[in-house]
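Two complexes follow with chain A in common, the first pairing it with chain B and the second with chain C.
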Partner chain A sequence: MKRLFNNNLSKILIIFTILYLLKYVLPQSFMLEVIILSIYTMGCSFLIGRVGFVSFGQPAYLAIGAYGTAFYLYYFGTNPFVAILVGILLGLIINIITGAFFIRLNSSYYTLCNQAFCVVNFFIFQKALVKYTHGDNGLWFLSRIDPTPVIDLSRTEGVFIFAFLVAVGVWLLFNYLMNHSVFGATCLCVKCNEEKLRFLGYNVFNIKWLAFIIANTITSLAGALYSLYFGFVSAGITAPSKAIEPVAISMLGGAGTLFGPLVGSFIFIGLKDIASQVISYWELLVGLMLIIVMLAGEKGIVGSLEGFLSKLINKHGNNEGLQATNIEGEVGSE
Partner chain B sequence: MPKNNTILEVTNLNAAYGQSKVIFDINLNVKLNERVAIVGRNGAGKTTMLKCIAGLLKASSGSVIYDGMEIMGKAPFEVAKMGLKYIDQDKEVFLDLTVRENLQLSSYATGDYNWDRVFEHFPKLKILLDRKGAYLSGGERQMLMIGRAILGDPKVLLIDEPTEGLAPSIVNDLVTTFHDLSKDSAIIIVGQNLSFVSRVAQRIYAVKEGRMIAEIRDKEEIKEATYSRYL
Partner chain C sequence: MNAHLIISAFVLGLSMSGVYFLLTVGLSLCYGLMRIISLDQFLYYSVGAYMTYTIVAVTGNFWLGLLAGILTTILIALFVEKIVYKRIYEKSVMFSMILSFGVNLMGVGLIKYIWGLEPKPVKAPIGGNLNIFGTEVPGYRIFVILLAALVYLAVCYFLNKTILGTAIRAGIDDAEKVEALGINIYKLFTLTFLLATSLSALAGAIHTPMVMVVPDMGMNIIAFAFMVVIIGGLGSIKGTLISSLLVGQVVSFGSLIWAPLADMAPFMIMIIILLIKPTGLYGSKYMKR
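Here is the complex of A and B:
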């Protein structure tokens, strides 16, 4: 039992099985939103928790992926897979360019520069490119999406399965990056003490750049999925007022944890869809919850629960666990 | 091979923090396998000097020749990769990573996965492999920092205040360790613990208010720590 819960691959398998089964209990649209929002938040959570980059500009990267997909489907073609690829590639190119400049900044300057980038993007999509984006009226292309074999992305069911599989892939990727790669470890070291990493012979700039590119391209991928799901994109997707959402969800779930974005997204969409039917100011509940979670230890829900659960599992673990504790005790007494 | 076995040669090094000049025309040289110490009071510019050599601070002028090559202006990671390693005085390792992971990071950067040399100098690290950096004592952290630095067979180790905050027994162990380490690398120590410096260094540079004021070679003077008159 202990070994099962200590293995992240098992956790991913269990959690995503539950997530898939939940679509038979909860509305499919709700689950789809949770999945896409959690992919969106994953990049942000990784940057905050593992690299130390807090960004209030994530809607910009989301919008780039969304508009890449939308432009393709509205103006050029009808294949949704190609459209997603276009969204990702556009995101990748923009992230490579912007990342090379933004990661030179530290802490609050990085945060605000991203916010400014978000504002610039909002202006571009709403005003400057209004001829192509149709500004706030947006681009409608649902009817232009061709049915596709195996997974039909012209239907919500197909988008759900595709987004679900993408999410599994994203989680496997981040599990590898966070827990099994030197790159993941160096990211954490950048957050702790980047100067020390330089002493060891690492090019910190490249590490931060790669982290930025990976995380924000995943955000663009989420944008492409949003675009495909709604069959519509408007400038509102990059509204600066929405910039707090991925940061708040990351903090709520647990920034830098593997499952924090999923838990945070589930709670956020849950409150938005359910609590908003009872009270109009549902954001108030998110705010209060965020304050409580932060005061409880700044680790988010998953971070706090992980500590509690591992203590519980160790306490009721088998003899192997006790033996391991004793060995550690001996070392400690030296 | 560098001339006269000199592995590091610093000439007319000047550095400033903004408008405030901190070190003035520093000249020093270190030979292969030599143990050199830089001593001086707080604020004398010792750490600034090491950081300039390691590329962590940009010097305003001067030259740093390492292994026959000019390294002034190179990024710190390039300097480290060339085999000139800096060990900071703050005893901070990567707290969230285990000892094993800390060593792996260094191995990955240098391509040197031979940890036997590390365990030869610091056998305790072998027992602590799975312990996180946050749960190591000051002495254990110092061992890990040096252990990480010696991976990749560096030719020069710059060690800033290695004894600060350490128990006397650990300081004694470090004396032996530094003697052993110098069989493979030249060592430059910055320190204020004169009894430690006297037991380790073969040559001493005294620094006062950013200027190199004396070079002590006399064994008796080093042993008796009479060079303290310069500080």
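Here is the complex of A and C:
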């Protein structure tokens, strides 16, 4: 049991099995939304918790991926796999360019610049490119998606399985990045003490740039999945008022933890579904939740739980695996 | 493009600069002294606008509405400062950004709950047009420009000539030394926060006749305010003034040339300036790493 808990790979396996089984209990659309939202939040959570960049402009990167997919499916082809690839590639290219600009700024300027970027993106998709994006009316292409072999992406079940597999892949990637690679360690060092990292001879710019590109390309991937799932993209996807959502979810789940985004998205969407029947102004609850989470301590649910659980499990027997949890605890309290 | 168009665009740009300046000078002051980025200023901007609308609808007096807006926001700000900011002054900037955005979001939800979603118009208190070089310009815009200039002078006077202002400026340079002198720095914090808040509320109130009052008005202006703050450099009043003048003109003339340019041109300028100087035009030296 102890070894099982302390091993991140088995944790991923267990949690995703539970997630898959939950499909039979909860509505599929709910689970699909949770999965895509958690992929979306993962990039943001990584940037906040592991690199120290808070971005209020994540919808911009989401929209780039979504529109890449949408443009391909609406104007050029019908193959959904190619469409997702186009979305990711477009996201990658734009992230490489914008990253080079934004990374040079320090954290507070980075946040404000990102929000401005998000608003500008909104105007571009809503007004400047209205000929191609149809503004707020959006692009509808659900009927243009071709049935594909093995995983049929033209049906919702296919999208669910595909998104599920992508999520497993993303989590394995971030597990490697966060816990098993030098790159992840240097990212954490950027957050804690950038000067020391520079002193050690690392190129801080490249590390930040790579972290930015990885995190935001994952965000674009989530955008591509969104547009495939809905078969529809409008300018509303990059609305600046939604910019706080990924930050709020990251903080709720625990920024920089591996499973924070999943838990956060699950609770967030659940709350949203329940609350929308009672109260029609969703901002009120998100704001309140954000204030409570931030004032209660920035560890979030997973951050607090992890420390508690590892203490509980490691109480009996020797201190095997204590080191790994110690590192996580430090990250949470950073 | 004829001269009439240019003059009216210039005046419109100046009046927008006035609103941007009033809104962002608070952000800048808060950052300078307390090292917080108070995004809830946009909430106070909306509340100021809504209170003005309500009082104008009830009594018909704009100036009473303006005063009520400022007083209400000061009350709200006192509450928020006590509940939220007192706990986070010691923590990093990131913390205050997320938290104040939460306050902002919650406020927007409350505004929607109280006043509803539909846009509300407010009539300008100063009617009539002014003749400038043969071009008719609405008198209210001139009033906004003059008011913003007056506020700039007043803030400068307050910071440079009064004891309290000197203490605030000293706090901006070195908060610990000010505390060592026996000045309660937290009282200065509260004072600065209230000053920033009342200026934001003033911005919201005087902006009402020029735009519709909608719940998302704070969100709509957020990007421009950020661009002004970033171009000018956080923590500098002079930088804020110059960049708000710049952004106002760029928005005004940009929309004259091609409508989407109004939103995109300031962003381009921001990127260019950040490329040359990552701390903005007059960014404080503490921003450099």
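Keep this in mind: the second predicted complex is superposed on the first by the 298 of 334 C-alpha atoms of A that agree within 3 Å, B and C clash if a C-alpha of one lies under 4 Å from a C-alpha of the other, contacts with A are read in each partner's own complex, and residues count from 1 in each chain.
Everything that follows uses one rule, which is that a contact is a pair of C-beta atoms (placed from the backbone, for glycine too) under 8 Å apart; a residue touches a chain by one contact, two chains touch by 3 or more.
All figures in this text were calculated on a predicted structure; none of them were measured in a lab.
Asker: After lining up the shared chain so the two structures overlap, which partner does A:V182 touch, if you call chain B first and chain C second: first, second, both or neither?
Answerer: A:V182: touches chain B, not chain C.
Asker: Could you look at A:F101 and tell me whether it touches chain B, chain C, both or neither (first, second, both, neither)?
Answerer: Once the two structures are laid over each other on A, A:F101 reaches chain C alone.
Asker: Can A:G201 be said to touch chain B (first), chain C (second), both, or neither?
Answerer: Touch status of A:G201: first partner only.
Asker: Quick check for you: in the superposed arrangement, does A:N193 touch first (chain B), second (chain C), both or neither?
Answerer: In the superposition, A:N193 touches chain B alone.
Asker: Check whether A:Y24 is in contact with chain B, with chain C, with both or with neither, and answer first, second, both or neither.
Answerer: neither
Asker: Name the chain, either chain B or chain C, that contacts more residues of chain A.
Answerer: C
Asker: Considering only the contact definition stated at the top, list the common interface residues of chain A for chain B and chain C.
Answerer: Overlap of chain B and chain C footprints on chain A: residues 195.
Asker: Would you mind writing out the residues of chain C in touch with chain A in their complex?
Answerer: 31, 37, 84, 87-88, 93-95, 97-99, 101-110, 112-113, 216, 219, 222-223, 226-227, 229-230, 234, 259-260, 263-264, 267, 270-271, 274-275, 278-280, 287, 289
Asker: What does chain B use to touch chain A in their complex?
Answerer: Residue positions touching the partner: 54, 56, 75-77, 80-81, 85-88, 92-97, 101, 104-106, 108-110, 124, 127-128, 131, 135, 148-149, 152.
Asker: List the residues on chain A that touch chain C in their complex, please.
Answerer: Residues of chain A touching chain C: 48, 52, 54, 56, 101, 104-109, 111-113, 115-120, 123-124, 127-128, 194-195, 240-241, 244, 247-248, 251, 281-291, 294-295, 298.
Asker: Hey, which residues of chain A end up touching chain B in the complex?
Answerer: 182, 185-186, 188-189, 192-193, 195-204, 328, 331-332, 334
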